[in-house]
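The structure under discussion appears below in the form of structure tokens.
Each chain carries a letter (A, B, C and D) given by its place in the written order, and its residues are counted from 1.
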Amino acid sequence: MPAAAWHVSQWFNAASLPEPPSLENLRGRVILLHSFQMLCPGCGSHGIPQAEKVHRRLGSDDFAVIGLHTVFEHHDAMRPVSLEAFLYEYKVTHPVGVDVAVPGSPIPATMQAYGMRGNPTSILIDRAGYIRAHRMGAMDDLELGFMIGLLLSE
Amino acid sequence: MPAAAWHVSQWFNAASLPEPPSLENLRGRVILLHSFQMLCPGCGSHGIPQAEKVHRRLGSDDFAVIGLHTVFEHHDAMRPVSLEAFLYEYKVTHPVGVDVAVPGSPIPATMQAYGMRGNPTSILIDRAGYIRAHRMGAMDDLELGFMIGLLLSE
Amino acid sequence: MPAAAWHVSQWFNAASLPEPPSLENLRGRVILLHSFQMLCPGCGSHGIPQAEKVHRRLGSDDFAVIGLHTVFEHHDAMRPVSLEAFLYEYKVTHPVGVDVAVPGSPIPATMQAYGMRGNPTSILIDRAGYIRAHRMGAMDDLELGFMIGLLLSE
Amino acid sequence: MPAAAWHVSQWFNAASLPEPPSLENLRGRVILLHSFQMLCPGCGSHGIPQAEKVHRRLGSDDFAVIGLHTVFEHHDAMRPVSLEAFLYEYKVTHPVGVDVAVPGSPIPATMQAYGMRGNPTSILIDRAGYIRAHRMGAMDDLELGFMIGLLLSE
């Protein structure tokens, strides 16, 4: 299944990039799209540190880690001003986009487009832009590394 | 050293108490005063789960755990509306007070009064209202349990 | 219930003591009696490191940690020559006794006398020689520290 | 560098195989060769559980995990009778060979042939029988999974 476009209102950690991350300008790379909410305990203790570790160890011209802040509850508690401090304190250096709110729905646009059911969610997109894995909840490091290795060899 | 009074602008998890927690109405009990910021990684992964565990396992008519949200940086990111969602998501059930801001200073009032230098900080107060331990950073469960056991026997 | 006498065929880490540990010569101290088998995974990952941590942090003229190697299966695999290397590699410094074999039974003598049903088992003995806690399996550091603190104050 | 032949005096967990594991009869598969000593704490807490997890999750007709018991100290403490109980208690199900002793040296034969300097050591061998990675100490799950994924795609 081709990955849907990302709808992002604001990027963090992307100022040094020539343009904001998108499926189009990352085409040809394998992508780990990591969706989270800053006040989700499983994201803070596992998902976000894992995504950042993957970025620091495996990030390259061939592979990108992209975070997506998909707030679907407690919206007033997780505004961009809070997310910015969170990313600073948790030492997150990979690009993180804020998923665009949808009027009349608690679920933001990209979260809807991918059919995500909660956080954290890890999605692997291959060099051709197709979704090859979609997992909600904690993903084991061994399995995640293995799948990235397989996709990078294609 | 006698423990200083707490300056709190708002309490969470205290609605069922006859009155807001204070040194006066807790006199006679041993108290663990746990100071934190919601976006401090060491608080989220260690300090807050430890304080909540102590509350659930050892809380009694003889012993109380009191949380204190001492925001000294990123003030706009950690307003009470964000703290409320944080406490809900992290399943914190012990009383938590918001330390009162001091005009012209980033350091709130109770944090100043106790001379705390960062977060998390664990302070043990004995039945007579005296400070018996004051530790910044992660405190080992074994040592914390031991000190509570000793103080409760006095 | 008064603690039963220990039946030990050989001591490790006891050469510097004036005499081998016994309930009689430790009378007046609180004792943590920690029973284990060297090839039990829960002992290697939790029970033994915990007993050694308790010894290093809380051991004193008032409090002693005593290990007991209670082999009830795979007897040929856990002879004293193997235990000695195990204690060296796992950096165990508290005294450890080898529970005496009972002819015709796989269960050694002290294990029988205390009615232990498996490993690890943690037993707390008060200053007067009475058993005050008897737990099989992992014991939480917080709870263990708390109980030691209470018993030491008696 | 081509992987050296394995010198094994005894295999465990290999009874169901048509013949004892060797580089020759595994040619065409990627191999994780995991060297350990049963009384090495880092092996018990990390290396052996990791090797077994890799075996259970990724083991296939294309990929094999082979354990090697390379005893270079405390030889009397880690005889095959003790290793057998250890493998049973730690629920190790992948094949484990006992590295052959070399008269006059504490270092067994395969450990010498591979130039291993300690335990645990993880060695990745590609489909053609060449060593592609050789690491002493704890190896991160993410990195290990990634390297296996890359090698399997060749």
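The rule we apply is simple: contacts are C-beta pairs under 8 Å (C-beta built on N, C-alpha and C of every residue); 3 or more make two chains touch, one makes a residue touch a chain.
In this text the structure is predicted, and so the values were computed from the model without any measurement.
Chains that touch both subunit A and subunit D: there are none. Farthest chain from subunit D, judged by C-alpha centroids: B. With centres taken as mean Cα positions, subunit D sits 49 Å from subunit B.
Note on chain placement: the centre of subunit C and the centre of subunit D lie 34 Å apart, centres being C-alpha means. Subunit B has no residue in contact with two or more other chains.
Under the stated contact rule, the graph of chain-to-chain touches is a ring, a single cycle where every chain has exactly two partners. Residues of subunit B that touch subunit C in their complex: 50, 53-54, 57-58, 140-154.
Against subunit D, in their complex, subunit C makes its touches with residues 39-41, 44-45, 74, 76-78, 81-82, 84-86, 88-90.
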